[in-house]
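Please read through the structure below; I'll follow up with questions.
As written, the chain order gives the labels A, B and C, with residue 1 at the start of each chain.
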Amino acid sequence: MFYREAGQFKTSYAADMAVFPIRQDRIGLAVILMIAFVGIPLFGNQFFLSSVMIPFLVFSLAAIGLNILTGYTGLISLGTAAFMGVGAYACYKLTTFFPDVNLIVWILASGFVSALVGVLFGLPSLRIKGFYLAVATLAAQFFLQWSFVRVPWLYNYNTSGAIEVPEHDLFGIPITGPNALPETRYLVLLTIVTVLTWFASNLIHGRIGRAWMAVRDMDIAAELMGIKLLDTKLLAFAVSSFYAGVAGACMVFLWYGSAEPEVFTINQSFLILFMVIIGGLGSLLGSFLGAALIYMLPIALRVLPASLGVPIAAATVEHLQFIIVGALIIFFLIVEPHGLARLWQTGKQKLRMWPFPY
Amino acid sequence: MDILYKIFVDPFVQMGAAPDLLVQTMWEGLVAGVLYALIALGFVLIFKASGVFNFAQGIMVVFAGLTLVGLHEMGVPAFLAVILTLGVMFLIAVAVERVVLRPLVNQPDIILFMATFGITYLLIGIGELIFGGNPKRMIAKELYLPSGSVEFQTLGGFVQLQKIDIAASVIAAIMIAVLAFFFQKTRIGRALRAVADSHKAALSVGISLNQIWVIVWFTAGIVALVTGIMWGARSDVSFALQIIALKALPVLILGGFTSVPGAIVGGLIIGIGEKLGEFYWGPLVGGGIESWLAYFIALGFLLFRPQGLFGEKIIERI
Amino acid sequence: MRAPGDGHGIMAGDVLLAVDGVSLSFGGVKAITDVSFDIRKGEIRAIIGPNGAGKTSMLNVINGFYHPQKGRITFKGEMRRRMRPYEAASQGIARTFQNVALFKGMSTIDNIMAGRTLKMHENFFWQCLRHGPAMREEVEHRRFVEEIIDFLEIQAIRKTPVGKLPYGLQKRVELGRALAMEPELLLLDEPMAGMNLEEKEDMSRFIVDVNNQYGTTIALIEHDIGVVMDLSDRVVVLEYGRKIADGSPAEVSSDQAVIDAYLGVPH
C-alpha cells in the first residue's frame, strides 16, 4: 500500500530520467545511507566493523568493477584479483615515494595505474571475443601474480615478500596502521565506495553505459551505429580495472594492513565473479547483494552452528562453502539468471501491486 | 645490447652446445603437453556435442583421481576401484545432464559456461569433504604402471626418460585412437558427430539429446580418469592440479574448440613451448614464467589467427 | 524532428550514393558480382531479388561491414575503395536488419537513445557526475527521442526491455533507432518481413512519412512486390549476385528477365 508511485507525476524529462524516479526508493536509499554512515559506526562493534562491513565494502567495490566489464559490457574476466593487486602494489609504491601526500589521493591514483594495466590487457579484445577473451584475462591474472612475487622492487625488497602498511593520517586522524580505529577506516572506505558507486551509476545511465550495453547485446549493430568497439571496450576495461584497483588498495590499506601475493590469486578472482553472477549481471545493487552473500556465507557458517551448539570444524566449513557456492551458482542460473537483484525487483513489483494479484 | 644478446642469441647457443639438455627439456615439455592435450580433449568432446564450454574438465580430472585413490584407501582393490570410479563419473554425467544442462537448455552460452563454474565448485567441495584436502599418492604400482627411469646416451650426454612418462604417452595415444574409432565407426559416435552439426540430425538417428549429453559427459569423465591416473602418478593427486589444468584453455585456443587433432597439436606446442621458455629464457627474469607463458603463447597466436590453428575463418553475418 | 541538413551541395535528385563494379565473395561463394547502381537524394530505392541474391550483402558493403574484393563506393561525392562502419555511420548512413538486431537487454528508450551516441559529446568527467552539461545534453536528446517515439506511436512501450516485445514492435523500435541517427541514407533490410497486413500498412506509412517529411533517402529491401510497387521510385533487381534489371517499378515489372527470374519464382 505504501509503495506506490501514484500521484507522483513526472513533470520533466530530467525527473523521469532520474536513477530513482520513485519517491519511496529515494527515501529508502537515504535511510540506508543514514544507517551506513551514522548507525553502523555508532552501534557496530569492533568485529562487525572490521570483519564484516569493511570486507563487504571492499568486495562490493571489486564486484562493481567486474560488473561493469562482464555484466554491462559482456566481456568475461577471470583476472579481477590481479587488478586488485595492481592497485594495492601501486598504492604501496606511491606511498613509499611520497609518504606525505594524502592517502586518499594515492588510493585513487593507484586506481589509475590499474586502469592503465587493464587497458593493456584489454587490447586483445579487439580481435578476440567471448571465451577466448577469458584467456587474455587469465594471462593477466598469472602474469601479474607472478610479478608480485618476482619483482622485489614492488615490495621494497622486504625479505618477507609481503607489503606492510605504515601509519597514515587524514586531517590528523590515523586511517591506516595499528592505531587506526575500525570506525575511521570504515567511514573512509564507505565514503570512497559511496562516491564511486554514484559515479558508476551515472556512467551506466548515460551515453557511455548505453554504448557498453549495446556492445554487450549486439556488437555488430553497435558498430554500424558508429559506436567504436575498441574504444568502448577499452573504456570498460579501464573503468573496471580502476574500480578493482581502488578496491585492492583499500583491501590492503584499510582492511588487512599488510598483504602477500597469495591474496590476489585466481580463486579470489573466481569469488568476485561469483558475487557478480549471484548478485546479478548488469546490476549495481546486485554487486552489493552478491558480495554480501558470498562473503557473509562462510561467516554465517562459522557463527551460526556454533551458536546453536553444533560446532563444525574449520576445514569442513571451507568445504561446505565450496559446495554451497557451487549449488547457489547453479540454482541462480536456473531459477533467476539475473540474480538476487532481479529477485528484489520482482519482490518490489509485487509490493507495488499489493493487495491485488495482478 | 647485452640484454638483446641474452634474449636472442645466448639461449640458442646453449641449445647448440648441449643438445642432450635440449632433448631432455623437449621431452619433459612433450609429456606435460600430452597431459594438457588430454584435458583439452575431454573439453573438446563436450564442446563439440553440446556447445558447452566446460570449465569443470580440469576438476573432473582431479575428482576422478581422488575418487580412485580414496576408494583404494578405503580398502577397495585397485581395479575394482577403477570400475567404481567409472561408475561415479557416470553418475556425475547423469547428474550434470539432469540438474544443470536440461533446465538450462536454450540459454545463452555464457550462462552455461558460468554453470560449469558451479559444477567446479561443487566437485571441489564434495571431493574435499569426502576425501579430505591433503594431497594423495596415486596407486600407480597397484595398477601395474611402471616406475623408475631409462637413460639413453646420445648427443654427447644423457637423456633420462621416466617410464611413467613413456607409459602416459603411449596410453594417451591409444586412447585417442580408440576415441577416433568410436566417433568414426560406431553408431553412437556418428550420432555424436551429427549432434555437433545439428540437433535434428541426431534425433533422426534415434538417440535423444539428453542421452547424448550423458554419453559425452561420461566419455569426458573416462578421459578425465585416465588423465588423473597419469598425472597423479607423476606428481600427487590434489586440487592444486586445478591451476595447472587451466592451461588446457590456451591449448584449446591454439587448437580450436572443436578439433581433436587441434587439441593434441596445441597441447604439444604449449607443453614444449613453456618448458623451453622456462629453461632457456626463464632465468633472465628470475624464473617461474611457466605459470603464465602458456597464456601469452596462445594470445600471440590468437592475435594473428583468431580462429585458432585448425579453425576456419568465419565472417560474421547480420 | 529536424530535416537533416545537406551542407554538401547535394540537391534532391542528385546522386547520393553510387556503387560501381562491386564484387564480393566468401571463400568460393560469390555473393555479389560486378554490380553497379546509384541512389539519388530523396528517393526510395528498392532492391529486390530471390533469396540469396546478395541483397543483404549489398547493404553490408554499403555500410562497411563487408569489404568487397573489387569496386568502388561513392557517397556524397567522396569515392572510396570501401566503407568503414564508423565512417558510414558518422557520414549519415543508418540501417535496420533483416533479423532484428536490437540491444535486447535495454529498454525501448535506451535503444533509441543509443542511436544518438554519435551526436553526444559531453566528456567522461561530466558523464561521471551526470549533472550540468551532461544532463542538459541527455535531456535534449531525450526530447528528440520522444519525438521519434511519438512519430512511431510506441509511447506505451517506452520502458519495456525490447527483448520482451512482439516481433512487429521490435521492427518498429529498430526503425526508431535508425531514425535517431538522423541519417541521410536509410537502409532498410526487409522491414516488413513476418508482419501481418495491418502492421505492414503501418510500416509503409512510416517509411513514406520519413521520406516525405524529412527528405531522407531510403534503400529498401523487400520481398512483397505490392509494397515495392507502391513505395519505391526506382528498383534494382539482383539475381545470383548479378544485377539483372534497374528502372522504375513499371519498367522492371515488365522486364522479361525479371519476370523469369523473380516474379515467376514463388518465394
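Everything that follows uses one rule, which is that contacts are C-beta pairs under 8 Å (C-beta built on N, C-alpha and C of every residue); 3 or more make two chains touch, one makes a residue touch a chain.
What you see is a predicted model, and the numbers here were worked out from it, not measured in a lab.
Averaging Cα atoms per chain gives one point for each, and the point farthest from that of subunit A is the centre of C. Taking A-C and A-B together, the pair of chains sharing more C-beta contacts is A-B. Remark: subunit B and subunit C have CA centroids separated by 48 Å (rounded to whole angstrom). Rounded to whole angstrom, the centroid-to-centroid distance between subunit A and subunit C, based on C-alpha atoms, equals 41 Å.
For this pair, subunit A with subunit B, the centres built from the Cα atoms lie 33 Å apart.
For subunit B, the set of residues that touch two or more other chains comprises 318. Residue positions of subunit A touching 2 or more other chains, listed in rising order: 220-221, 224. Residue positions of subunit C with contacts to 2 or more other chains are 65, 97, 101.
The residues of subunit C lying in touch with subunit B in their complex are 26, 56, 60, 65-66, 97-99, 101. Residues 53, 99-100, 103-104, 107, 109-111, 113-115, 117-126, 128-129, 133, 243, 246, 249-250, 253, 257, 285-289, 291-292, 295-296, 298-299, 302-303, 306, 316, 318 of subunit B touch subunit A in their complex. Considering their complex, residues 315, 318 of subunit B touch subunit C. Within the complex, the subunit A residues that touch subunit B are 74, 76, 124, 127-132, 134-136, 138-139, 142-143, 145-146, 149-150, 220-221, 224, 266, 270, 273-274, 277, 315-316, 318-330, 333-334, 337. Residues of subunit C that touch subunit A in their complex: 63-65, 85-86, 88-90, 94-95, 97, 101-106, 110, 113-118, 120, 122, 124, 127-130, 134-135, 138-139, 142-143, 146, 177, 181.
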